[in-house]
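One chain, chain A, links the two complexes that follow: it is found with chain B in the first and with chain C in the second.
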Partner chain A sequence: MTFDPAILADYWPLFLQGAWLTVRICAVAFIVGYSIGILVALAALVPSRIVRALVGAYVGLLRSVPFIIILFLVYYGLPFAGIRFPAYVTGTLALALFASAYYAEIVRGAILSLPRGQFESARTVGMSPLQAMRHVVFPQILRGLVPPSVNMTLTMIKESAVLSSITVAELTYQSLVVQGNTFAPFEAFAAVTLIYWAITVVVARLAAILEARTGTAEREDVERNALAASFLTLEAPKRR
Partner chain B sequence: MTFQFATLLSVMPALSQAALVNLRLAAIIVVLAVLGGTLLTILRAMKIRPVNAAIAVLISFIRGTPLLIQIFLFFYVAPAFGLDLGPETAGVTAIALNSSIFITEMMRGGLQSIPPGQIEAGCALALPRRVIWRSIVLPQLFRRILPALVGEITIVVKGTALLSVITVVDVLRTAQQIASSTYRPFETLVGAALCFLAINLAVMAAGRLIESRGADARS
Partner chain C sequence: MTPTPPATPLLSVSALRKSFRGTPVLKDVYLDVAKGEVVALIGPSGCGKSTLLRCLTWLDPPDDGFILIDGQPFGRALVGDTVRRQGRREIDRLRPKIGMVFQQLHLWPHLSALENVVRPQVVVLKRPREEAVARAQDLLAGLGLGGLEDRFPYALSGGQKQRAAIARALAMDPALMLFDEPTSALDPELVGGVLQLLRRLAGEGMTMVVVTHEIGFAAHVADRIAFMDGGRIVEDGPARQVMEAPADPRLAAFLDLIRSGRPAA
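Right after this comes the complex of A and B.
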């Protein structure tokens, strides 16, 4: 089995176009998905049983059904309801819906982890609701918010590969096109694999910088003696 | 167009039959992944530098690329290297490898919460390494990662739907075959979604049951 670099030389514009579409779709799905997620999380805090049951059903359904089925449901469901979008819009919408359920759980968890009465206390000392959110609630929930949100966003980027199955011309689709044209699966899939890897590594790096800036980075390195560490830690000790 | 409940009802027998394929594959994957994840964890704890460096690259790779692409690698690329597994085996291998990596990372987090004194006590009693793992560390570790493990199992169940893309005749592919003859894709897909919902609700209920049993055992 040999690696033929000529295939990459011929087809790199396709990979580039695919990667660019993947990035754009994920950026839009992140913004739309997070906005829906925040709304759903706030709705879950409303003291109405019906609203909470609806929110529970929304989150539960989206989280227990595979994304590929959610995608097909939206893809066939929209025309069913008389709405027609191009495939990439449908795909972005499905991705945003899928991610919104997870973002909603993250936001709700972060808000619930806040000790009771913080918001009310801030209001009592004369802050406006907006000030109370901005200066008291938000800084405290940030630590519980950022790391899981980053994780979910990385998951969402990876799930976007499934959009290839409704003919959205993103990265995975292009790899299937190249594979179909050249009958060289190794070259085609090695290239996209590396591009995905690069995208997720860059996003994770940027997120780590953000976490360091906002002081939300998770600390894991508990000091241990060598004996216990030989079972309970999995990384070799850092050389100083 | 209106939603035809009659269509949904008529496709359910065929779909639930196909759901057994997803259930069987998911069960095999979970067993392989728990075994693989545990072995990887024990291997990583030995701290052999080159081995851990190789595993670190594998972890970054598996966590940084889509599961669908990993399935493609085993299905399309492996045969080019003389490893022709067929769709089911290729898919099961890909998802099991992916899940093992997530499970060993879960275990890395879980190990942090095991009191180091217990290991020291075990060593003081001159227990062999194997016994410390089997009788002290692993039972507590599994209890601690159980909630996360249940989540991972539902992810595996959902992952089996991707195998339809590499021609495994599972719920989704069966749904697509039915829809191509009845022209009612929406109702049929709702049926497929219900199958996954049922499996995952059962998985989560079983997880809660085991968790509460575990809580009883400790109190």
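Right after this comes the complex of A and C.
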């Protein structure tokens, strides 16, 4: 067996189309999924027990089911409700729902990790809960949200390969097509590997830029890190 | 001069109750504070002082009882003879009237000192930004923070943070200021400055309720001392009288304890 780069020369437009669709699907799923995630995270913090129970069920269910099952549930379930979408829409929706549960947990955890007094002091001056979130809580947790969100987004990008099973012509689907046409599976999958890798590198870089720009909580970190450092070196932290 | 009729108190608390998981922490608290009056709230640790302040702002919703701010019901209103709990919006609308300075201050670390004072004015009172900035600069300068407007909280000393937090509360033009142990988080050499500041606010006619272990403040700045024990205000009277002739034996014991210089319980 020899590696035949000519296959890639012939089929690159297919790979390109697949990659482009994967990127678009993931971008939309990210935006929709993160929006749902933030709403779910906020709902998880309201006093109402009923709302919290519903939110708990939503997150718990989505996180305990393999993505391919979520996909099939949405794909075969929507027609029952009389809704017919093109496969790529259904797939994007399923991907967004899947990711939203994890994003919700990331956002909820970050909100809870902020000292309660921050939210409370915003409420005592008369801010509404949403205003307190917008002006006091979110600016402080934004930076910490980036790394776990990137992790989840990379996972989601990889899970998007499963959409090939409902005939969405994304990257993995195209590689299967090429492989079927050429009987050169190694070349096809090697090409796809490189493309997925390129996509994730770009996403990670964008995230790093974003993280550097959201420098809001940075200044307090300086203090915290100094404290942490002094513990690590076993020096007594200087009393302020 | 004609005698002035007794004005409605600025703050009127009646039969306030609060339990945490069935454990009563506030049991029937009554407290009236007249406009311009300074009340020192003292009492042993765990008697419910912080809880009372938190209930006064509805951060912890009281289980029962009424709060009137300048005659207006806050949180719960008596309509005819049914008790109506106010909605969140109604509660939020009155909140700026009560300035609260927490023991831990809770300045917002992502905002500069100036922005800590400006943001609530803009968001809550809908003040135009220039007006809010001008007001904040005035307040900060008046509190000795002139030139530090652009510092972030981490770069302020304990005493400066405290004054920034006070400025943030004052910027909302509160009718009443609540302080929870304003000196306990400070180094001893800063205590005098804060007490002086509170004295100045009192001199400017601000109505205040101050939880404190500073017996000097209670004696010299406060008009009245309210002594709390076991979730009730058990003695309440003119500062001098309470200090010099405590009627309740628990208060007498508490004052002895504090005067003996033991760490404030």
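Just so we're on the same page, the second predicted complex is superposed on the first by the 200 of 240 C-alpha atoms of A that agree within 3 Å, B and C clash if a C-alpha of one lies under 4 Å from a C-alpha of the other, contacts with A are read in each partner's own complex, and residues count from 1 in each chain.
Methods note: a contact is a pair of C-beta atoms (placed from the backbone, for glycine too) under 8 Å apart; a residue touches a chain by one contact, two chains touch by 3 or more.
Keep in mind that this is a model prediction, so the values were computed, not measured.
After overlaying the two complexes on the shared chain, residue contacts for A:Lys158 are found with chain B alone; chain C is out of touch. Of the two partners chain B and chain C, more residues of chain A are touched by B.
Shared-chain residue A:Pro139: touches chain C; no touch with chain B.
Using the contact criterion defined above for the overlaid structures, shared-chain residue A:Ile68 touches chain B, although it does not reach chain C.
In the superposed model, A:Gln17 makes contact with neither chain B nor chain C. In the superposed model, A:Thr182 lies in contact with neither chain B nor chain C.
Of the two partner chains placed by the overlay, only chain C lies in contact with A:Gln131; chain B stays clear of it.
Shared contact residues of chain A with chain B and chain C: 220, 222.
Of all the residues in chain A, the ones that touch chain C in their complex are 115, 117-118, 120-129, 131, 135-136, 139-140, 216-217, 219-220, 222-223, 240. On the chain A side of its complex with chain B, the touching residues are 1, 61, 63-70, 72-73, 76-77, 80-81, 154, 158-162, 164-165, 172, 175, 179, 185-186, 189-190, 192-193, 196-197, 200-201, 204, 220, 222, 224-225, 227-236. The touching residues of chain B, when paired with chain A in their complex, are 1, 41, 44-45, 47, 49, 52, 60-61, 63-69, 72-73, 76-77, 80-82, 104, 108-109, 111-112, 114, 116-117, 119-120, 123, 132-133, 137, 154, 158-162, 164-165, 172, 185-186, 189-190, 192-193, 196-197, 200-201, 204. Against chain A, in their complex, chain C makes its touches with residues 57, 59, 88-89, 92-93, 95-96, 98, 100, 102, 104, 106-110, 119-120, 123-125, 152-155, 157-158, 168-169, 172.
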